[in-house]
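Scrolling down, you'll hit the structures one after another.
In what comes next, chain A is part of two complexes: it sits with chain B in the first one and with chain C in the second one.
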Partner chain A sequence: MTSLLTRRPAGAAPGAEPPGRRRRNAIHASEGRWGYLFLTPWLIGLVILTAGPMLVSLYYSFTDFSLLSSANWIGLDNYERMFTEDDRFLSSVAVTLTYVFVSVPLQLAFALLVAVLLNRAMRGVSAYRALYYLPSLLGGSVAIAVLWRQVFGREGVVNVVLRGLGWENPPTWIADPDFALWTLILLRVWEFGSPMVIFLAGLRQVPAEYYEAAHVDGATALQRFFKITLPIITPVIFLNAILQLIGAFQAFNSAFIVSGGTGGPSDSTLFYTLYIYIEGFTSFRMGYASALAWVLLAIIALFTAINFALSRFWVHYEDGGR
Partner chain B sequence: MSTLTAPTSRGPAAGDRRQPPTNRSRSGGQWMRRIPIQLLVAAGALAMIYPVLWMASSSLKPDSEIFSGSANLLPETFRWENYAEGWNGLREPFETFYLNSFIISALAVAGNLLTCSMAAYAFARLRFRMRALWFAVMLGTIMLPYHATLIPQYTLFYELGWVNSFLPLTVPKFLATDAFFIFLFVQFIRGIPKELDQAAQIDGAGPLRIYTTIIFPLLRPALVTGAIFTTIWTYNDFFSQLIYISDTALYTVPLALRMFLDTTGESAWGPMLAMSTLSLLPLVVMFVLFQRQIVEGISTTGLKG
Partner chain C sequence: MDRRMFLKATAGLGAGATLGTGLAACGSDSGGSGSLTMSQYGSSSRLDLLEQVFGLYTEANPDRSIGLDAASVDNYIDRLATQVSGGNAPDIMAIFHGNIATFARQDALLTLDDYLGAGLDVSEFTEGIVDLGRIDGSVNALSYGDNAHGVIYDVDRLESLGMQLPEPGYTWEDLLTFSADISRAVDGDFYGTEDRSTQLDQGFKVWLLQRGKYAFTADGQLGFERSDLEDWITYWEMLREEGAAPPSDITAEAGTFESSALIRGYAINHQTYANALNSMQALTESRLALTTLPIDPDGQGSGHFLRGSNWVSVFSETGDPDTAVDFLNFIFNDPGAVGVLGAEFGAPPNRALRDELEYNDAEQNFVDYINLIADELADEAISLDQEFPIGYPDVNTAFGAATESVMFGDSSIDEAVDEFFETAERALES
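Let's turn to the complex of A and B:
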């Protein structure tokens, strides 16, 4: 920002100072004011809707605040209760971690596999890409969650088909604590289209010469994939892993709709976000819900940090690092 | 559905040996080998899209047929009444819910495009104190889970008397809270030649005129991307609508579907699936119209689609 005054509009010859110089300096001087003027809406939003609420939420987390009564300072009670007395909290953590760490790797694996298959000249390839992508656009909607509830219901189409195949007592899927979460994982994995699109863009960056050289050396398709494609796109895998991890931790709609807002059966689909909703907006324990939110933040930050730390060991940058 | 990033000369074909076929049988063998992949891909695509097709076809079946187990895609009897019954199945007709969803989406788009582009212009072109710091703060808010601010935001809107109105869903967009778009627009503005600004400056234009006559018009491609993703996200949003809106007359489409499920759902799957199918239509239409922008938006910035 110091070079400001020495900068000249391109084309203006140095030395031959135009008479307008003073005016331009005036413009530079007022630029700061204009900068803040253009930034005003964002700054207001930052203070009122982001930074302020974050601080207040941290404060609430040490209180027994509810919408109906004022906040009393209770120190670390909320956090203590969470880890020592609250079984629902513990099961929501277990459910969420299972959901995230099963669905994200599967989702990325499918995304990469299909991206590789679709990264070639093939009749109708753009239509295929569109079809594989579409579930990702639709999957987060309430409509698809409604569909899932029908399909995996006791009398849903899956069970009708299974009975037709001779299985007399198939599981009741969304009504069975052993299976309900897995139907939601399946739904998440089904939405692999958007990481696939990112992989496709990454695959286009792999230099063709590498494949040509490998071909001359007689490498098989599998060797080409593992020795060339995979190492070169590790940065893209990393990016996708971060994005999907953060997204999966915050999943809500599918669990809410499929379980009817309860996280049932037996809390088997009690996503962490759903538990925050139940505590904050149906029980109105907003102090406790704030504490839950901060723990979620810590969990997401922790796993994102782990991801970054581990990336040193497996992410390969073509230019030898950023 | 035909323009999803056509394969470029660089990547895809490269692995597929484009040298002149010196050996006839070998190129023939390749042709043979490509068939199974094509079959696999086609079968996979069908499996992927099957649930949606099944929903669309079931929305035309009588309940008895939905449950009689035909996974068939073609209904034996078409029951168009499902749509009429679903449309009027709640206290308000669905046109109310669609209108509400569209109003919220339109306001969100207007707010995002205006205020995010303003902030982006400031970050990309204007020099002011602490710019680097604010820019870092802005980047930091992009990945911030909304839970961090959820409860105090709610109590704020509650105190303001805004709960059960569209205000909590739309006013924040006029305060550039979707920082992602600021970042997107900054990247784009950096690609606009500075000479244009400078020429205008010499003509005596101030930042306001440069923004309105040069930057904003040239930002159009990025604005289109921003509008598309804001629309998709707002239309698909459920959580904030769930906590802020309780009056049926103000319900959006996702809230209406949820209410449908709670009140009649299990006993009227036909109308339920009819309304669900219909609710996906705007998304599919958006996809068909803006496929290129959606795919580019995802692949260049990681926007979630």
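Let's turn to the complex of A and C:
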């Protein structure tokens, strides 16, 4: 875009450099102003709806703010309490880490599998792609969580099928502390659409010559996948891993709906975000909830940083990473 | 805009932005103009009745009007707290009994003491009902009507098994054998009782009072001993082992009365606040009826005590407290208003009007039950201040966790009771 706008007029003499530069600067400046003008709605949103509340919540995290009356500064007490005497905080971290580190790899593996299957020339493939993307559009919604509650309930479809297969007394999946979290993990894996679309785009970029060469050398389909496809799309896998990891840490709706807002049974679905909500709006400890939120930010930043650090060992860029 | 206002405003924004809690645009800046807002949760038919009462009030006071701020019951209290935080809460607010003490302690509610007998007539109310709403000695909320703990039975199912509704005065032991008989008679198709062991604010309180104890003391500490909780959990373990109560996963799947084991067909009863009867009757073809919780033959009294049903408060920062209180007086004491609402919010607290109203069968059953409790069975009134001390949410969570862990077989009764007392005592001391 810039090069197009600043291209020197065809007939201009090389000696006419100074006025040209001035004109170019003028264009640049007005372009910048217009850019900011177009950004304004978003900037206002960022400052008022995101940055402002974030800063205020940072302040609240050092107070005993209850939402109902004004806040008093209590220093690091909230953070201290979290790490020294709050067992529920620890169990919410355990539940969340289990959820993230089981659901994300499964989801990515599933997304990649479906993407590979759909990355072939066959009739109606775009319809299939749309179909497989559908759960991602719906999955985060309240309606699907409500549906999930029914499907995995005592008289839900899952148990009707299991009884039909001869399991007389299957558990009530969402009401059994041993299984409730796994239904939520399954719900997340089912929402594989958006990583799938990104994988599809990545698969399209693998040069066909590599496959042809490998074919000539007698490589099997599995060998071609593991020796060619997988290494070349590692940057795409990395991108998906980062996005889904952050998303999974922030998951809220499914646990809120399926557990009726309690994180039950027996705190087995007490996601970190749900615990923040409970502290803020059930116990009215908004100061403590704010501190929890900032610790979540730190946890997500930490795992993202680890992900980036590890990426040096397994992510290969065709251009050498430049 | 000073700093406090700024913080309040941004707090509201933050909460709204992160959790999608709707911020009500309706302000309380009436400044004595006579136009107020009242928030209410519940069904659309309930809201319609309320709007009819608003209409009657404006008819009687042409210079005044009340607007409805309706909200879903699920996020009602988050929304209300956010409105209070932003200083734009409704002038008159429906509020859950479990939240009144918290709101009052943080000065969000108007104290009504000065209006009692002067603008707010409570002379026809059941004795003690006004005192339930006292927090730190001041009346901060009023109940739309008397309420009590009770057990709702599916009478049609009972009769199809040749059984009768248990008469008040039956014992906990009777409940066990009676329920086990039912479960056996139907071969486990459903159960003779639901399992309410995990609820602190239900039958457990009745069980305690039969032993002369309250869940909490007046100064906000635990009012019962280890042995009381051990006995309670042991009793319910016995019911589950005998097949009288359903297995844990059926119990854990239940939420509010709509998804109770009774409504879902897994149990023949639901132990709850008596005012749930009418709402539950609307959900089933079977005839439902109320009876008391069991008694302890070695204990004292019925253990039943007076509770409130639905509650209403006035926002402490309302611009027109006089009109707000006048409207409350209207809704409680005006024959027209009480006639419109009927038993929608509970048995009307004005006893003279309560006795004149006509009720449907379920409402009549509830009113008769409440009259029985209020006049003959109840002990002294326990204020919401005592029922919901500072730290209550954590104690309630710990109670659920301890009783559930035994129910799911994750810990022994001893371990669970230890865990509860440790957590609860820590929560109450801070």
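Quick note on the criterion: the second predicted complex is superposed on the first by the 270 of 322 C-alpha atoms of A that agree within 3 Å, B and C clash if a C-alpha of one lies under 4 Å from a C-alpha of the other, contacts with A are read in each partner's own complex, and residues count from 1 in each chain.
Everything that follows uses one rule, which is that a residue touches a chain if its C-beta (ideal position, glycine included) is under 8 Å from a C-beta of that chain, and two chains touch if they have at least 3 such contacts.
On a predicted model such as this, the values are computed, not experimentally measured, just so you know.
Engineer: Pick one for A:Phe281: touches chain B only (first), chain C only (second), both, or neither.
Structural biologist: both
Engineer: Please indicate which partner A:Ala309 is in contact with in the superposed arrangement: first for chain B, second for chain C, both, or neither.
Structural biologist: A:Ala309 contacts neither chain B nor chain C.
Engineer: On the A-aligned overlay, A:Pro53 touches which partner chain: chain B = first, chain C = second, or both, or neither?
Structural biologist: A:Pro53: touches chain B and chain C.
Engineer: So, A:Ser266: does it touch chain B (first), chain C (second), both, or neither?
Structural biologist: Second partner only.
Engineer: Determine, under the contact definition given at the top, whether A:Leu67 touches first (chain B), second (chain C), both, or neither.
Structural biologist: So A:Leu67 meets both chain B and chain C here.
Engineer: Pick one for A:Pro171: touches chain B only (first), chain C only (second), both, or neither.
Structural biologist: second
Engineer: Which residues of chain A are in contact with chain B in one complex and with chain C in the other?
Structural biologist: 48-50, 52-54, 56-57, 60, 67, 260, 277, 280-281, 286
Engineer: Applying the document's contact rule, which stretches of chain C touch chain A when the two form their complex?
Structural biologist: Touch residues, chain C against chain A: 4, 7-8, 10-11, 13-15, 17-19, 74, 77-78, 81-82, 84-85, 102-103, 106-108, 248-253, 255, 393-394, 397, 400-401, 404-405, 408, 410, 423, 426.
Engineer: Any idea which chain A residues touch chain B in the complex?
Structural biologist: Those residues of chain A that touch chain B are 1, 4, 9-11, 20, 23-24, 27-28, 30-36, 38-39, 41-46, 48-50, 52-54, 56-57, 60, 67, 114, 117-123, 125-138, 140-144, 146-147, 149-151, 155, 157, 160-161, 163-164, 190, 193-194, 197-198, 200-201, 203-208, 211-212, 215, 221, 224, 239, 243, 246-247, 249-250, 252-253, 256-257, 260, 273, 276-277, 280-281, 286, 289-290, 293-294, 296-297, 300, 304.
Engineer: For a test of understanding, state which residues of chain A touch chain C in their complex under the given definition.
Structural biologist: 48-50, 52-54, 56-57, 59-60, 65-71, 85, 87-88, 153-154, 171-172, 174-177, 260-261, 264-267, 277, 280-284, 286
Engineer: Tell me, which parts of chain B touch chain A in their complex?
Structural biologist: Against chain A, chain B makes touches at 1-17, 34, 37-38, 40-42, 44-45, 48-49, 51-52, 54-55, 58, 66-69, 71, 115-116, 118-119, 121-123, 126-129, 131, 134, 137-138, 141, 143-156, 158, 172, 174-177, 179, 182, 194-195, 198, 201-202, 204, 206-208, 211, 232, 236, 238-239, 242-243, 253-254, 257-258, 261-262, 265, 269, 272-273, 275-277, 279-280, 283-284, 287, 291, 294-295, 298-300, 302, 304-305.
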